[in-house]
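For clarity, chains are labelled A, B and C in written order, and residue numbers in each chain start from 1.
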Amino acid sequence: MTIDSTGSSDQMSRSGAGGSTAAGLYVDVRALRGDFAVEATLAVADETVAIVGPNGAGKSTLLRCIAGLMPPTSGRITLHDRVLDDADVGIHEPPARRGIGVVFQEYLLFPHRSALDNVAYGLRAQGHRAGAARRRAHGLLDRVGLAAQAALRPAQLSGGQAQRVALARALAIDPATLLLDEPLAALDIDARQDIRRRLRAHLRDFRGPALVVTHDPVEAATLADRLVVLEDGRITQHGTIDDVTRRPRSAWAARLAGVNLYEGRAADGHVTLIGGGRITAAGVPDGDVFVAIPPRAVALFRELPAGTPRNVWAGRVDGFDSFGDRVRVHLAGSPAITAEITPAAAADLDLARGGAVHAAVKATEVTTYPR
Amino acid sequence: MSRSRSNEPPAPLGIGVLGALAVVFLTLPLVGLASRAPWSDIPTLLTDPAVRTTLRLSLTASLAALLLSTVLGVPLAWLLARTRFPGWRLVRALAVLPMVLPPVVGGVALLLAFGRRGLFGQILFEATGWSLPFTTLGVIVAETFVAMPFLVVTVESGLRSLDRRYEEAAATLGASRWTILRTVTLPLIAPSLAAGMALCWARALGEFGATISFAGNLPGRTQTMPLAVYLQLESNPPAAYLLSFVLLVVSIGVLVGMRDRYLGQP
Amino acid sequence: MGSLRRAVVVGALAVALTACGASADVTDRAGAPSGGDIAGDVLVFAAASLTDAFTEIGEIVERQHPQVTVTFNFAGSQQLATQIIEGARADVFASADQAQMATVVDAGAVAGIPVVFARNQLAIAVEAGNPASVSSLRDLQRDDVTVVLAAEQVPAGRYTREALDRAGVTLAPVSLETDVRAVLTKVALGEVDTGIVYTSDLAAAGDRVDGVAIPDEHNVTATYPIATLATAENPAGAQTFIDAVRSDSGRTVLKRAGFGAP
């Protein structure tokens, strides 16, 4: 399945020209929340895509837009040949007629209804008879393993149970697509693992496009086939987990991948970094590139080292923290970099804040890819 | 017996003292009334047809006013909480105006609007020969005018503090706006609605000023308990104290009943 | 200071005990009579129907005795009597009926003997121009004429009842108002065609309402007694005020206000 999802509009129009009415969910919108604008183009086939990114990046706004809770200021949303939104011609299908199942952050189970009545709610709202709706709701509760809790009120359910009821409620309307907003954020650590496993199974079974909004990389990696990184209202990267962690294209993705990331311009095997500094890399083509350096590839020395590393520069210790059995040293310099060394090495170096050290990175440890 | 409340730290001394003072302040006048009331007369009073008629009229009119206030007041509260329209501020101020207007003035204002010579009342009177003042309906109108703002204000604030995402959740499940209002919004604001209705009804039941000036005082038609109490005060104060207690007991009974029914808790 | 505090307490009590919350005016009475001329505050509790006339007489007294300040508490006679019996402090009580004065006398709250200073009679109040063409009590029985009366619990209502009995007339009023001024208001606003009020009320109502006289053989005369109270802090001032009410100028004021001579 080829999926085009990108923030740049020329790539969007390519796919739009080809077949914007292809099966799946297709979103190309601009939405305003106060002064904050969210612009995104993405297509989701029968797969699970995670929208990841820092808090306040516009992830939930995008989800609300797709759910129909917030009309986009411009653009289109289509779902399996149905136009849900087309701002240009004034089409806005209200949420009640979209057939989109939403699992909300904090679940929003109706507090005055039992778990069963929560799940049956959508069916009743769509005009099913009470008996039939309750039978089907019971079946769904059974599927999420909560048949015994059918009569309980949301306040009597644990966080994990509430999450499962919320999922059952969303699935009950037989949705064409499923949206989940931070489905595990409200759970404590213990419950999270179990619920994540269950949720993954349900998402596998679900036939249709599914979108999961999360700020948790582990969650994204476990639940989704692909990631869309949303930062400051724009999509900065998309692709498989592997793509994103191997070749991060934003500060957030770099943190997710745990690498030092720079932008620069390459010429003759040397990259001049935008933020200052110069890095030599093996086999780098000329042009605008990203430079990724894993912290473990950074060696630190008191004295200027002699020998093989092609990249050596001076810096000052800006701070350090322990990271498992390693020590992460943040270095101010040109460029600034984070190194990961053993505690023994750190002791040898006699590191102190403000102390002068040299960073060395082998050219073969540097990954570069076009911007 | 240790109960869940005992987990809470004791109230700061100052708050305790002032709170106790408030209780004393509120109960002392009642104790004064009780100490002067001729309790032995209570069977006579309760079987007196005139008293029963007045009590029945009071209950009927105040409950009708409550119904009218709910039917009109909840939509108004919804409009005030959920929409902005030209003149919104003015409408909101007007909606609470009867709370600050001296009720007697409110009654006169009602006469000027719905009376035989009133702005609207005159048209009505000329068309039908019928006018609102001095009728039981007039009592209901006067009580509604004075009491509805209490319901509007309470329900409006309930709607404002409601987490609207519940309504959004219902919408994504396919519920129409009416269904959402009926199955989500109203149940979720039930505590506010019940509180608003209780306040509204209590205010209607105790209404005096607007009723006397708009609907007058005629036993069996427009004389409500407060009017009867007031007149008894002129001629037979002890009977008035006793009537006040009857009114008090009946209202407490109805309020407790409503609370149990609509909130499902003591 | 002690008396002030007491007055405040009494005032608060009076407010608490009366439904309508008519408040006793509380003032510092530091200026006790000194030497020959009288001085200080005179607090007068007077029936509501006396409002206009007594205010004017009070001004006359203050002009004649610059040291004197006259303060009024106007309310229904019954309420005033209750306030006095419950301990409200006042110098003078002027009642719109003998019965209320009698309860105050029985409670031992009056110093000396009450004297009658004015009389009032009943009249039919009709809308200005008398569009319903009412000329007698009997006309009030007509189907096309609506009537409001004062409730029998208040003096005006009792007198009305008496007058109707004497005339052999039975009425179906649309409302029994809690005070006679409310009767007048309803007629003045045009909500009803007629009402039965005091002649003094008609004088106060001006152009909005016309009066139709009730013949003497049916009419009832209300007598207004006035007295110095036993608790008076300024008995000399109280007597000065009572004298002024009964003086020629006082009578002129009362006559203009629609009251008859005693």
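Simple rule for what comes next: contacts are C-beta pairs under 8 Å (C-beta built on N, C-alpha and C of every residue); 3 or more make two chains touch, one makes a residue touch a chain.
Fair warning: this is a prediction, and the values are worked out from it, not measured in the lab.
*Asks:* Work through the pairs of chains, note which ones touch, and then classify the graph as line, ring, star, complete or other.
*Replies:* line
*Asks:* Looking at CA centres, what chain is most distant from chain C?
*Replies:* Farthest by centroid: A.
*Asks:* Would you identify the chain whose C-alpha centroid lies closest to the centroid of all protein C-alpha atoms displayed?
*Replies:* Centroid comparison flags B as closest.
*Asks:* I'd like to verify one number: the distance from the centre of chain A to the centre of chain C, where each centre is the average of its C-alpha atoms, in whole angstrom.
*Replies:* 84
*Asks:* Measuring centre to centre with CA averages, how many angstrom lie between chain B and chain C?
*Replies:* 34
*Asks:* Would you kindly tell me how far, in whole Å, the mean C-alpha position of chain B lies from that of chain A?
*Replies:* 54
*Asks:* Which chain B residues qualify as touching chain C in the complex?
*Replies:* Residue list for chain B touching chain C: 29, 32, 108, 111-112, 115-117, 131, 133-134, 212-213, 215-219, 222-223, 227, 229-235, 237.
*Asks:* For a test of understanding, state which residues of chain C touch chain B in their complex under the given definition.
*Replies:* Touching chain B: residues 16-17, 19-20, 76, 78-79, 82, 146, 148, 151-154, 173-178, 182, 185-186, 189-192 of chain C.
*Asks:* In the complex, go through chain B and note every residue touching chain A.
*Replies:* Chain B residues touching chain A: 163, 165-166, 168-176, 179, 183-184, 187-188, 190.
*Asks:* What part of chain A is in contact with chain B in the complex they form?
*Replies:* Against chain B, chain A makes touches at 67-69, 94-102, 104, 108, 110-112, 121-122, 125-126, 169-170, 172-173.
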